[in-house]
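Here's the structure we're looking at; comments come further down.
Letters A, B, C, D, E and F name the chains as they come in the text, with residue numbers starting at 1 for each one.
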Amino acid sequence: MLKTFKGGIHPPYNKEMTKQKPVEKAKLPAKVVIPLSQHVGAPCEPIVKVGDMVKVGQKIGEAKAFVSAPVHSSVSGKVVAVEPRLHASGAYVMSVVIESDGLDEIYEGVKPPKPLEELSPDEIKNLIREAGIVGMGGAGFPTQVKLSPPADKKIDTVIVNGAECEPYLTADHRLMVERPEDVVLGLRAIMKATGVSKAYIGIEDNKPDALEAMKAAVKGLSGIEVVPLATKYPQGGEKQLINAITGREVPSGGLPMDVGVIVDNAGTCAAIANVLKTGMPLVERITTVTGSGVKEPKNLLVRIGTPVGELIEQCGGFAGEPGKVIMGGPMMGLSQSSLEVPVMKGTSGVLVLQKSEVKAVESMPCIRCARCVDACPIRLLPTHIAKLAERGRWADAERYHALDCIECGCCAYVCPAHIPLTQLIRLAKNHILASKKK
Amino acid sequence: MGQLVKDFINGLWNENPIFRMVIGICSSLAVTTAAQNGVAMGLALTFVLTCSSVLVSLLRSIIPDKVRIPCYIIVIATFTTVVDLTMKAYFPSLYEVMGIFIPLIVVNCIVLARAEAFASKVGPIRAVADALGMGLGYAWAITLISIIREIFGSGTLFGVKVLGESFTQWVIMLLPPGAFLVMGILVGVMNMIARKTASH
Amino acid sequence: MNEYMRMIVVLTVISIVAGAALAFTYEATNPKIQEQERQALEQAVMNVIPGTEKMETVEKDGMTFYIGMDGQGNKKGIAFKTTGSGFSGPIEIMVGYDPKEGKLTGIEILSMSETPGLGAKIKEPSFTDQFKGKSVNDEFAPKKDVQVITGATISPTAVANAIKTSLDKVTEIYPVGGDY
Amino acid sequence: MGQYRFTIASSPHIHSGESVQRIMFSVAGALLLPTIAGIYFYGIKALILVVTTTLAAVITEAIFQKLRGKPITVWDGSAVVTGILLALNLPPGLPLWMAVVGAAVAISLGKQIYGGLGTNPFNPALIGRVFLMITFPVQMTTWINPVDGTTGATPLALLKMQGVSTDYMSLFLGNVGGSMGETSALMIILGGLYLLYKGYIDWTIPAGYLGTVAVLSLLLGKDPIFQLLSGGLMLGAFFMATDMVTTPITRLGRIIFGIGAGIFTVIIRFYGGYPEGVSFSILLMNAFTPVINRYTVPKIYGEVKAR
Amino acid sequence: MLKDLAFLVVGTVLVNNFVFARFLGQCPFLGVSSKLETSIGMGMATTFVLTMTAVAAYFIQYYILEPFGLSAFLQIVSFILVIASLVQLVEMIVLKISPTMYNAFGIYLPLITTNCIVLAVALLIPQKGYNFIESIVFGLSAGLGFTLALILMAGIREDLEFADVPEALRGPAIVFLTAGLLAMIFLGFTGLVPL
Amino acid sequence: MANTIITSILSMGGLGLAMGAGLVLASKKFAVETDPRVDSVLEALPGANCGACGYPGCGGLARAIVDGKAPVNACLVGGEAVAKKVAKIMGVSDVGAAGDRKVARVLCQGGKEEAKFKAEYTGVKSCRAASMVNSGPKACPFACIGFGDCEKVCPVGAITMGEKGLPVIDEEKCTGCGLCVKECPKMVISLSPEKNEVHVRCRATMKGKDTRDACKVGCIACKQCEKVCPFDAIHVVNNVAVIDYEKCRNCMKCVEKCPTKAITSAFAKRKKAVINDTCIGCTICAKNCPVNAISGEVKKKHEVNAELCIGCSICAEKCPKGAIAMVRSEGDIKTSSCNACAEV
């Protein structure tokens, strides 16, 4: 029996389009827009002015708060604006706009650090922070913060999340096939930084080549185990992953560290490895550009700040009439209204669906079929919370644990009545949290 | 005078105990298998209600508050027993059908509610007007229910065959569910009428 | 008078007045009620024993019998009550029996709670009349010598069974052909 | 790249493609099997009955929605399922006007007064059937024997009233007296398996229901196989106790539902006034469903025991 | 003996359920059945009072009314007097002893005086000739039957808050219709026990 | 006969006595302090114990009302009359003192016509839900979304969704409870003093160019208002103009200037100063007028140039004689509104 969790769904994976395609370097963009907030926590503050010249890897935004991360220029060139720009959230966020000079000069400060063996845990954490590394699995939580739990939380396990359970996406898959040793190096750094000796690398069994590559890469390393997981969405959700691999359940309202676990995305590990090897902060990432609406789906190594429109062009442009452009996967990604929005540290994919695929279906009354209940990996009663949300009964929704919803979308995916369950629950969560603030 | 008419009319429609206030339902469901029972129960209740309202109204200043309820109930119970014995003596067949529901007039919420809410606060004349209105409001309501149940259930009205030979009895109408269903539909219809008249 | 005293006194007085008033009503209506009940019983006996004009109550072996007589005092038969277990409750039956002939003279259903329009048809003459003149030695088997009601066999069976079982006992007390 | 206008929506952006309509028409499809058996055994009469109740159910639904000024949604197929199931639960010889009354009651009292699809507490088809059963008991218990066309009793009534048992094969194939679609256990099981395969019904309910009846029969000294194959049990367990609208949404709740229905069926069959108790039992458990839902809310992921 | 008692319980709770088959206690049934929690409280309070009433009725009938030949006409008055006073007494005592308990279910007590089930139970005890034990069991089962009815209805009514019930039927009408369907379902228990 | 009556009297008397005594004893022994208001409220209720209110009997409701858990008009049977009585017992009075009453105002004019929709939104039709999807369907992430969450939450029905797809607030009805302010996910509703008539109806903090692309009536941060304001009451902060309501005197000069009409006021009803005969010609008004609209010689009655007057009412405040009244330019409010029916 493969390890897995209760609930979940089996959507069509649609990974064939890109899973065999090696990562290509994307064209150097003429202009990048780098938002100063690409992570959970306080936005960072610009430290460059219009007219300044910057180079690749040069810090342009300083993180002042503890939960925050700095950002760096991903091209060399001239700062042309520091102003609010459209962001993947649809809001305008303070960003630094840089015109590339095409030289791609590397910043002088970028130098390889001491080898891992010689670094102290604090030095590792500092390197990670200064490199602006945040969770690349989507949420964008500053990694260094995650690695610095309060003293009373004893961490005994690190899990590398290589599940990549979102349909269509293959960024982590290709990474693990092509650069398994980077993932392992990053993981070893994390282990050293947190003083943990047990680590797992969880990978869904629909990526046998990745499993092979990772197994080969950890050969001879003690304490690191590659765990094949059942292919089921949302296997990569950290709560599900922890449950599948360790059998532990993160307490409601708690964090992985409450059960002694740290979960990090494979991409995050590779980013750490990159810093250790070259000193280069996080300025580029692998993004899968895919979907029926793209002519030639590809895995691209992209500079942070590249407008998504340029990536689509590099993939041959739109196929058919595009209906939806999604940053991220189809289950949790954010739909976009403009092709101007820039790729960020957490952008694992750009998915384009054709117009014919995004027909809006009128929802019908709930027939209490309980598919949503059976699908929910958190064992909530989505239908009930949604009904309460429709009637504005927020307090009751909270009593039914609306806040524990991980917004995985399983319930809405299966609902035969096409009720936007996830959105209604999100609405309830938003309301509950808003009323808590006061 | 105008006040009295108002008090009287009130029970007939605006605050009709069955259809509008929905109290005192038990008997209206239980005895309404035939139109005749409806009329009899209606009159019996009107009698008890009127007599006890007068008495409660007269005694209203004498009765101490803390024993108010026991006292009212004794008054009501006394009149109910009078009806009970009278029916037993003079209408035995009717008594047979209405059985336990005559004694239960005592706890019919309408009686106590009117005693508490109305009779104990006004003079005897207004109390009578109100009681008669409420009683007759109750009476017409349950007669209507029993007419419907009798026609569908037995094909008769006041015992006279009104539907032809080929009529198949709707047994459910004579059984408990029929009572609830007819009641539910009538309350719905009355709501509709009330809403229509209110909007004009 | 202090308030508590008043509570007690008022409640007591009202109770007493109520008691007295009811006792009065009872005394006034009681004869009539008794009369009604007697009449009802008599009527039932008359119905099950044709030709009866007077009746006499006899207690024998723990059973109550009503002996029916005509105007001249000739015994026309005996009647007794029995209870069957119907579809939705007990069925009380008055049975008329003529020991001389060994035959039933008629039956009447005194009370029952069978389904109206269905089991309740046992009250109708079309059902009860078939017992008139039936021999006590008959089988009383539904669908054989006892006609049943379509769609409701339980109620007629209950009636037939009740009569048959009670007859077994009654024929011991008043054997067929014997005197009474 | 031209200026396109995109759609924005909350995630997820893909859907399983399943729909209420598809589920309903699949159930209707599965019901064709017992329907065909009914037509085979009882002839054209049965076909007319099915068509009548289905039309009556659909028309009642449309009229009700029209009167309320709501969109007419008869195409969702739920009224069709109700209509077919009602017919399968009726004696093949029932006067057609009674069948129409039954369908009208099923849809109006059983469904529309509660606002239509999805919010009715009771199984509409069973409401229709029990209403008819109580309103016209004579006609509702007049069964046709498929072998010789005479009227006769159902195997359960035969056993209860006359102590006569029927052989398993007849029960399994269905050439015995009974409601139009309940007699052929074979066809019902086939239809049920199809729904199980499609994932439209949850196995816990039929399993809990049939299992409970079998076990209790055994314990009470009755023939469990006979009990399983006779009466409306199979039809009820596969098609009516599984109506998702009127059954619990929690897994534990559905198990309780199945077992409860089994217990009540056995009680009514063995000790009650009626020879058959499936309709009543399912409806009774429907009544319990909201309460069951309330008290079987699953413990969520990471819920701490008591703090 | 035990079997008889079992029959009495089944008969009173299911077959002749006071709400669905005997039509008693409709007013509190309609009023209180909108919330599950309230229904359970009301049901428990009623069950308690009914059991107490059964005892009281038994004693009054067999130690006062019958010996003096008064049962034909003083039954109603004396029963109701005692019930009303007892309920009021219990209310006062509960309030004093445990305000929490009072809040949990004492508040339902005043409503029970006018619940016709109470008087009906008292009157049925002599009518059916129950002995002491049977009287208590009868009172208890009457209460349980009432509680069952309340709980079922309350569950359904809580769900109906999500339902698009036609305007005119909202409120008591839909409750009656639902009660009608429940009564229909409870007919399935007919014939379960020899009565 | 006599016998029956005597036993009846004795038993009933005995029972009555026993019960009466029992109750008395109990009420002495178990007397509990209760909020006297519970009893008075109970008194006012009809006492039908019908349970229609959802509480267990009138007593339950009375307690709930006193505890503040139920509104004073919770009794359906009693209707308005009872509600009034209960309100009196509970001492619930009408709305608090007027004076610096605040009312809710919608600070967005980007309706269906004016604002650009950047994409097709599908999903739950609620402003808050839509605001979580790419910040809403309008190109301006600060724009009113227009699904009317505010309309639903307003307890007095003061908000209706207008034809432009924007909420319209009836300032008369609004009680200033602020629920809509909390409900609106875009924070485009705000409470402001009723007397303030000038509002910047835009909160977009993007660059002026971006705002102009997104909406015809947005504030583009051109700062014209800032320059023209005689009272330093309006400033562009963070790319959007903000009014200091304390300083604003409703002069409406900014309204005149604003190129996109993002600032609004009851322009047609602008007030004008009018000087009456008690003027002693002290010239204080003329000195204080920020636009020099008042002229006149010392000790002579002064005149206001209605063309120039901006209605700031400084003169009226400064006038030692109280000789200056602020009058709506088109007559008083009454006549300025539709007078079609006033004539009937």
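Basically, a residue touches a chain if its C-beta (ideal position, glycine included) is under 8 Å from a C-beta of that chain, and two chains touch if they have at least 3 such contacts.
On a predicted model such as this, the values are computed, not experimentally measured, just so you know.
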Report task. Could you pull out the chain whose C-alpha mean position is farthest off from that of chain F? Result -> C
Requested in this report: Could you see whether C-F or D-E has the larger number of C-beta contact pairs?
Outcome: D-E
Query - Between chain E and chain C, distance of the C-alpha-averaged centres to the nearest whole Å - result: 32
Report summary line: Cα centroid separation, chain D vs chain F, in Å, comes to 55
Query - Centre distance in Å when chain B and chain F are each reduced to the mean of their C-alpha atoms - result: 49
Query - chain B-chain E separation of Cα centroids, rounded to whole Å - result: 21
Query - chain F residues counted as touching two or more neighbouring chains - result: 4, 7-8, 11-12, 15-16, 19-20, 23, 27, 49-50, 52, 119, 122-124, 129, 132-134
Query - chain C residues counted as touching two or more neighbouring chains - result: 7, 10-11, 14-15, 18-19, 22-23, 25-26, 30, 87-88, 115, 118, 154
Query raised in the report: Which positions in chain E touch two or more other chains at once?
Result: 27, 30, 72-74, 77, 81, 85, 88, 114, 162, 166, 169, 174, 177-178, 180-181, 184, 186-187, 190-191
Report summary line: Within their complex, chain A touches chain D through residues 9, 11, 90, 167, 239, 243, 249-254, 309, 312-313, 317-318, 321-326, 328, 330-337, 339, 351, 353, 358, 360-361, 364-371, 373-374, 377-381, 383-384, 400-401, 404, 407, 409-410, 412-418, 420, 422-423, 426
Query raised in the report: What part of chain C is in contact with chain F in the complex they form?
Result: 4, 7-16, 18-20, 22-24, 26-27
Report task. Would you tell me which residues of chain C are touching chain E in their complex? Result -> 15, 18-19, 22-23, 25-26, 30, 85, 87-90, 154
Query raised in the report: If you look only at chain B, which of its residues touch chain E in the complex?
Result: 22-27, 29-30, 69-70, 73-74, 76-78, 80-81, 84-85, 100, 103-104, 106-109, 112-113, 172, 175-181, 183-185, 187-189, 191-192, 195
Query raised in the report: Which chain B residues qualify as touching chain D in the complex?
Result: 168, 170-173, 175, 177, 181
